[in-house]
Amino acid sequence: MNTFNEQVRDIAHLGHVELLTPKPNESAAFFTNILGMQEVAREGQSVFLRGFGNYESYCMKLTESKEPGIGHTAIRTTSPQALERRAAAIDKSGYGIGWSEGDFGHGKSYQFRDPDGHAMELYFETEKYKAPEHLRPILKNQPQKYTGNGVGVRQLDHINYLAQKVEPTSKFLQDHLGMKVSEQIVLDSGEHAGSWLYSGQKSYELVYTVDSTNSRGRLHHLAFLVDTREEILRAADIYIDNDIYIEGGPAKHAIQQTFFLYCYEPGGNRIEVCTGGYFIYAPDAETITWSQAERARGQAWLTPTISTFHTYGTPVVDK
Amino acid sequence: MNTFNEQVRDIAHLGHVELLTPKPNESAAFFTNILGMQEVAREGQSVFLRGFGNYESYCMKLTESKEPGIGHTAIRTTSPQALERRAAAIDKSGYGIGWSEGDFGHGKSYQFRDPDGHAMELYFETEKYKAPEHLRPILKNQPQKYTGNGVGVRQLDHINYLAQKVEPTSKFLQDHLGMKVSEQIVLDSGEHAGSWLYSGQKSYELVYTVDSTNSRGRLHHLAFLVDTREEILRAADIYIDNDIYIEGGPAKHAIQQTFFLYCYEPGGNRIEVCTGGYFIYAPDAETITWSQAERARGQAWLTPTISTFHTYGTPVVDK
Amino acid sequence: MNTFNEQVRDIAHLGHVELLTPKPNESAAFFTNILGMQEVAREGQSVFLRGFGNYESYCMKLTESKEPGIGHTAIRTTSPQALERRAAAIDKSGYGIGWSEGDFGHGKSYQFRDPDGHAMELYFETEKYKAPEHLRPILKNQPQKYTGNGVGVRQLDHINYLAQKVEPTSKFLQDHLGMKVSEQIVLDSGEHAGSWLYSGQKSYELVYTVDSTNSRGRLHHLAFLVDTREEILRAADIYIDNDIYIEGGPAKHAIQQTFFLYCYEPGGNRIEVCTGGYFIYAPDAETITWSQAERARGQAWLTPTISTFHTYGTPVVDK
Amino acid sequence: MNTFNEQVRDIAHLGHVELLTPKPNESAAFFTNILGMQEVAREGQSVFLRGFGNYESYCMKLTESKEPGIGHTAIRTTSPQALERRAAAIDKSGYGIGWSEGDFGHGKSYQFRDPDGHAMELYFETEKYKAPEHLRPILKNQPQKYTGNGVGVRQLDHINYLAQKVEPTSKFLQDHLGMKVSEQIVLDSGEHAGSWLYSGQKSYELVYTVDSTNSRGRLHHLAFLVDTREEILRAADIYIDNDIYIEGGPAKHAIQQTFFLYCYEPGGNRIEVCTGGYFIYAPDAETITWSQAERARGQAWLTPTISTFHTYGTPVVDK
């Protein structure tokens, strides 16, 4: 027992994600009118958006781009010291890019790329959201009014990257950010096909699944949280009556047990709304490994999965 | 068994209600922005509104008035012949007013007042709703797109009148419209304190409860249907963040078992959103009678009821 | 308008169904432990079962048999006179069998077969359920305690037959029972592939869909009602942890908009639990017709359907 | 920013609670048949019980006693080192009792009392649950089958103590266990009336509210988690049909925003089932303070609270 390896938790949570879209107006309309997010600011080719429950000023930077996909992922550390520690560790790894002065809503950040090429940054200083008069909530333990418009997502939940090689990419985040793996898929060949990473009690925030096109740096999907499964079912109704293509769900994942609904936003990126799953309270939780056969069993309720779920990502590549 | 009394059902359903408001703009904003209804037309001092599931063109006529309360209630018959039969029956009763040429969205109607003074009309000819392009639904078995805006009520559900004398008023509808009583409250004194009337499988559409101020012709509340209890819970969140006063609920009624939420719309009328309850399939269902003691037990889950629920109605009177 | 055809409603509702099973013990355990139904009585090779909301004493007679499938369907009329009228009409049609003395829980019945060969009976006299002490409910407008055991189905909802020829079979019920068609599928060839029949405000109780094996008299599925979509999602969890095979759902049908979950009970019959959909209030509702192309679009949310859903029925036949 | 105080998190989570009951058989029947927990073991006068989601072998020890109330609370540390650190800190405080050899299902523990007299212990070594054959789940990321019996609670959620003095008692846990306060009530007099303590991302696990009888060491309630609000509504139905007294809810707390339902178990202890609320992702979250006036506003939806909620606790005392 005395050999238990104590570790300070340096990563607080997934902060925000920059999503790229070739159709900025249509994409912004999707996130505000259909998902019910609030526009916080506009700068250059970007719109900053938030869910009603985000304690920071925003959780998504939507940026016009020739191709859809992921711009960068910003991760908040637990302290200024943690930021310095992790920047030093990544710098040593050779994957570091360097410090930035920060961006709208947050202070200086240390920028790097994961081994698969996804742009990332770490930051600690952040601007906590102060709701303007018309969005001030009645309950003071909620950052913003619940507007009742569209799906009404609470906050950014997780990001699922595609990676050419899952294992070394996941290992990089474990080694240099101190993240842990809650669940993973290991094929009969020994290759890792999926890795779900977490740092606190939320059971995953960053996910890598294998890119069947052998590409690098792509996005599988970005996910937003709602509180109830009924909101997911309601979202499906909202989607069909607004010509939003539903790729999968509502259904329940076997891995992580999340209740999900996948669609494509107008820019082409796959967007999930999700709820449920579980939290990890054990400080010594073991990684759960799904074999190829177990994975082949499908979703929790055996819901058939459309083939594009295993092939489509952004940017789109010729396979 | 051979004495079973066969009866043709002449009343199809509650069609629409005219609600009076001294604050027409604020009330209209409540019904469209908060409840998520659609404005169909405006005529004179009236706005016509609908829920996404109404097969007729509207279910509420909102009319400016010095005082809040109920204008008239329109009830659709099962056939033109039924309309003639019922008009003749009411005419004989002495409570009839006479035929009108109809109103926006429906044909000729026979007007009358119930013994407590509430204005009513019967009609058969009606305009079925044809959604304009932007409200056209994907599913052809639904009259209109689900917009995802605010509470999102499906349709008018029922109306609850206050009456000085419940029993004779309810009896009038039984005798002259052929309605049946699914549940009722009978006090120890023998006085009827509540009567829930129905004509088809829906277990109530018109309700009389006793007016504690001894007034006549008043409204207790108007109720709109949603499909799920989760939508009722969500409505409560929408209400508090939009300064809509919640008078009671979300909770479950003992009588009829409906899951409910009561608020006051800006004009002062009590509005319910409801779901659940049960349908009556037995053609020979017996009236369920609640005694004074049973009624005093409270709502299904013993939820305390605020005293105004038993005293407040519109128009407001000095008690 | 004066040509509107008034019609007395003679059919009250689907009463009960006799389900055949080659595994009587396992099937009974499924209906009581997993679906949460109550056993009311046993007679010969049959067990009589009920949901907590059935006003009659039972809604399913489970009978041991060499093959799974449907025994007979019992339909309650709105009056003794209606029973006589409909018996006479069917007798004239040549599909009649004759009167029976009744069975456990109901009085005399008129027996017949639909043109596809499914055994049916009409009855009016019935035994209303009186809960024994341990099942007595707190709310007097509910026939039985809600036990909280398993899925907890409220009552029988509908039966979906397979038929070699959908149109004439459906037409028979329209002509001789006075039932109406709420929705139907008509293929490009003009052949009817599905017909949803109703008699009151509930939008369907008897359904015919085309038998792809060209067989006659088979069952597609039997459906039980729950009150909420959450209960359907919970049922899926209960199913997987009890090795009950899920064939489809939870998802939302396009036709009728019902939220559904299909499984196979241990005897091999397909069983649905369902909720939602809509009620028909218009006395002059028109039949909604889905074309082949519209049908091919799939379920409401585009959920893929497993192929067995279109081929499997009971008894199983070699195709 | 450099002054940010980094702190190692030593407390992992609330482990289990010993509940005292003068009616051991009736209480055990409540927790197993109504709440749907599993009995894991019996020892002496105690029964050990678990929810389907507990990763440890149990979350409640139910012990026969002359009076209802709380036996002890067991809290798991994040590591063996953390256990030693916290034991040393408490030992120095003068509130320590000393080490025990452990109990069923966990290793050695350090025992102490909070300043209000509630017995507590810290432990690290624990027995992770291995489901027996009949309770083995299909999904390997779940410790146990979901049985579908009764309410079906997932796990212990939190404990709410009554304390004569809230502030110093809460301060003790902050200073010696490193816990943080997410929300609190501070009266106009400056007295603290409630303090919600947390250690990870779950926003509260240990709560102190003021004891209006000026007693010490009492219990306000013990709470169990379910996943959805629909399960809470369903629980209310199960309670009424099983003669379980509902004291409050289903409704939504303003503080913590939890959706709740309170009852009294047969032994007299107040038991909550809860869901919802929010998680704290900010490492620098500030305590939210509710004033006397804000608190007086009531629950989130203004649901009236029965007076016993503010006075009743276990053991019962003469006020």
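For clarity, chains are labelled A, B, C and D in written order, and residue numbers in each chain start from 1.
One rule holds in what follows: a residue touches a chain if its C-beta (ideal position, glycine included) is under 8 Å from a C-beta of that chain, and two chains touch if they have at least 3 such contacts.
The chain lineup, named per UniProt: A, B, C, D = Catechol 2,3-dioxygenase.
No experiment lies behind these values; they were computed from the predicted model shown.
Just one of A-D, A-B or A-C has an interface built like that of B-C, with over half of its contact pairs in common by residue number: A-D.
Between C-D and A-D, more C-beta contact pairs join the chains of A-D.
Centroids of subunit B (Catechol 2,3-dioxygenase) and subunit D (Catechol 2,3-dioxygenase) (each the mean of its C-alpha atoms) stand 44 Å apart. In whole angstrom, the spacing between the mean C-alpha positions of subunit C (Catechol 2,3-dioxygenase) and subunit D (Catechol 2,3-dioxygenase) is 46. Averaging Cα coordinates per chain places subunit A (Catechol 2,3-dioxygenase) and subunit D (Catechol 2,3-dioxygenase) 31 Å apart. Listed for subunit D (Catechol 2,3-dioxygenase) are residues 139, 228-230, 237, 240, 300, each touching two or more other chains. Within the complex formed with subunit B (Catechol 2,3-dioxygenase), the subunit C (Catechol 2,3-dioxygenase) residues making contact are 1-2, 4, 6, 8-9, 12-13, 53, 55-56, 76-82, 124-125, 128, 139-142, 183, 200-202, 227-230, 254-257, 276, 278-279, 281-283, 285, 288, 290, 294, 300. Contacts from subunit D (Catechol 2,3-dioxygenase) toward subunit B (Catechol 2,3-dioxygenase) in the complex involve residues 229-230, 233, 236-237, 239-240, 246, 249-252, 259, 300-304, 306.
On the side of subunit D (Catechol 2,3-dioxygenase), the complex with subunit C (Catechol 2,3-dioxygenase) involves touching residues 34, 137-139, 145-151, 228, 230-231, 234, 237-238, 240-242.
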